[in-house]
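What follows is a set of structures to go through.
Two complexes are shown next, each including chain A; its partner changes from chain B in the first to chain C in the second.
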Partner chain A sequence: MKVVGVSACPAGLAHTPMAAKALEKAGKKIGFDVKMEQQGSMGQINKITKEEAQAADFVLIASDQKIQEMDRFEGKPIIRVNITTCIKAPEAVLKKCAKAVKEKK
Partner chain B sequence: MNNMLNEQTIFLDVDEVDKDSILKFICKKAKALAVADDEDVLYQDFLDREEEFSTGLQDGFAIPHARTKNVKKATVMFLRNKRDIDWVTMDDQPVKYIFALLVPEESAGNLHLKMISSLATALLEDDFKETVKSSKDKTELMNYILKNMEEEN
Partner chain C sequence: MKKFFSEAKGHLMTGIGYMLPLIIGASLIVAIPLIIALFCGVQSLDPYAEKTGFFHTLYLINQVGWTGIGLVNTVLAGFVAYSIADKPAIGAGFIGGAIATSTKAGFLGAVIAAFLAGYTVKWCKEHIKLPDSMQQMMPLVILPFFATGVVAVVMGAILATPLSAINTALVDWLKAMSQSGTSQLVLALVLGAMIASDMGGPINKSAWMAGNVLLTEHIYQPNVYINCAICIPPLAYAISTLIRKDRFSNSFKDAGKGNWVMGFIGITEGAIPFTLVKASRLIPINMIGGALGAAVTCLLGAKASIPPVGGIYGFITISNGWAYLVGMLVGALFIAIVAPMVVDFNVDTENEEETLSEEDIDISFE
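Right, the complex of A and B next:
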């Protein structure tokens, strides 16, 4: 399963990198290829290209904020998850999203 | 360089009673260390941030933060409180270990932000949490936290 996503939080200081790393780590553990872009206090980090976005099975937005450059994800299943949930239970989030995307296909 | 975390910003025997008094403690220290000019304004900054959503994490940790013009220099404080503090956390557990993150609105360069980012991700690691909880020696603890803040992870 190939996953790309973006994390963002109000201050952009701590929750943004935490959610990104938590999801990437969980991905490694369960054999998902996860790349998370951080839109935080340092701007866009680990930026996802349009090609990467289009190759992904789904897009995970770990935020309830406005995300920059959503147009690169056009045509892809996009799932928004609360950033806190992504930090707390990253593995469950990935598995649930993957299941939802599979069922829709 | 005066580190953003140093022996003056580590407090291992704090005995505050609730979240409010913890935040007030942080603001008072910030004022004493010339990190902020006005502790009341800074306190309000912390409250505003907590209102957006709680900075409680898991396993007894919280990371209250303020990124405002009232902060004069990027600073990280670590507090170990003697008793459990009621705080909205991800695992519904009380808080005892607190990293307060203070960042000026206009950060000169990304170094400080990067260090805070590394600290935040270190808090996902059990080893890091255990060491921070149990370390008895302030200098050792300071070096350990700084090492983790300087690492890319």
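Right, the complex of A and C next:
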């Protein structure tokens, strides 16, 4: 499973990098290739290119906020999950999303 | 309906996210000239408005800060509208926010204007169908026209008077509240608990937002309690890793060092990794600590006559600054002592079982 995603929170200081790291780590553990972009107070960190986006199986948005440059994800299944949930249970989030994407196909 | 509210909350949070740097920059530019003046023994810069010299320069700089604070509603409304419906809505949002300021409809008015602007654009995008040859007119002419038109009619004409009445009443009530002793204490308790509850989440941000909205109305007192409570959770865990070394794993001891900085400059988020170890027990403890600290600050008589600056060093902007520091220390010590008594931070969070199962997680496709 190849996953790209974006995390963002109102202040962009703590939740944003925490969620991104938690998801990437959980991905490694369960054998998913996860790349998370952080849209926090420092702008876009670890930016996802259009090519990477289009090669992914789904897009995970760890935020309930506005995400910049959503157009690069066009045509991909996009899933939104609350950011604190992603910090608390990144593994379960990834597994559930993967399952939901498979069912949708 | 539930989906609408969770979406609306997301838009509001986006707007607040864009407003944060504005308000922090502006309030510092308001405060610094005032602090310099205070050190020179000058209590207020207003008498220097028409004069020349050093204090007049300070006055001019201070006024620029106030211009920034005056933009709060405008920027908030603009970016909430932008969050809902992208570029075509942003102008109408700015206008709505500016109108909210000038008609005294305040924060409430700004939020209503922003949602009007955003959802008008969204509705038009879905329902107005033009022939292909005229499609280019949609984002440039039709959408901004309708959005601004709706804002003008509703905010400018229909709701201006009632909203300004509601807002004025609310501000007067809060003003009275920040002057009387008992309600002041209630205010400190509630704000302190809210700030420490979800550390950077929606509850924390609403309390913080309330403080800043009042700042634009020249009510400074609530911000003293908010700033005090913000420093408490990170400071508490920093202290705790020192006084109860045996209860913390090495990775938490490291995180504790970072929390000295977080506490010093006032970022509640630093306490999140600690709190997540056992949120059900630690959140109530954090809330009691925040409320206790704010209440002690209140009882010892910390008063703000200029816009308070956050962080530990914010005490210089407060008369009876020591009360602010004592309150902060009391709140932080409470958490620092109680938290390691009820929770063992030696657990290795790396390999800990996740507390949420897949069924508990809400996901939504776009």
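Throughout what follows, the second predicted complex is superposed on the first by the 105 of 105 C-alpha atoms of A that agree within 3 Å, B and C clash if a C-alpha of one lies under 4 Å from a C-alpha of the other, contacts with A are read in each partner's own complex, and residues count from 1 in each chain.
Definition applied: a contact is a pair of C-beta atoms (placed from the backbone, for glycine too) under 8 Å apart; a residue touches a chain by one contact, two chains touch by 3 or more.
The shown structure was predicted, so the numbers you read here are calculated from the model rather than taken from an experiment.
Partners chain B and chain C, once the complexes are superposed on chain A, run into each other and clash. When the two complexes are overlaid on their common chain A, residue A:Leu23 makes contact with neither chain B nor chain C. After overlaying the two complexes on the shared chain, residue contacts for A:Ala62 are found with neither chain B nor chain C.
Looking at the superposed arrangement, the partner reaching more residues of chain A, out of chain B and chain C, is C. In the superposed model, A:Lys104 lies in contact with chain C only, and not with chain B.
Of the two partner chains placed by the overlay, only chain C lies in contact with A:Arg80; chain B stays clear of it. When the two structures are aligned on the shared chain, A:Met42 is found in touch with chain B, with no touch to chain C. Look at A:Ala14: by the touch rule set out above, it reaches both chain B and chain C.
Touch criterion met: A:Val93 reaches chain C, while chain B stays clear of it. Shared contact residues on chain A (touching chain B in one structure, chain C in the other): 10-11, 13-15, 18, 41, 84, 87-88.
Interface of chain C with chain A (complex): residues 6-7, 9-11, 13-14, 16-17, 20-21, 82-83, 200-201, 205, 267, 269-270, 272-273, 276, 354-358, 360-366. On chain B, the positions that touch chain A within their shared complex are 49, 52-53, 55, 57-58, 63, 65, 67, 90-91, 101, 103, 107, 110, 113-114, 116-121, 123-124, 153. Interface residues of chain A, counted against chain B in their complex, comprise 10-11, 13-18, 21-22, 25, 40-42, 84, 87-88. Touching chain C in their complex are the following residues of chain A: 8-15, 18, 41, 61, 63-66, 77-82, 84-85, 87-93, 95-97, 99-100, 104.
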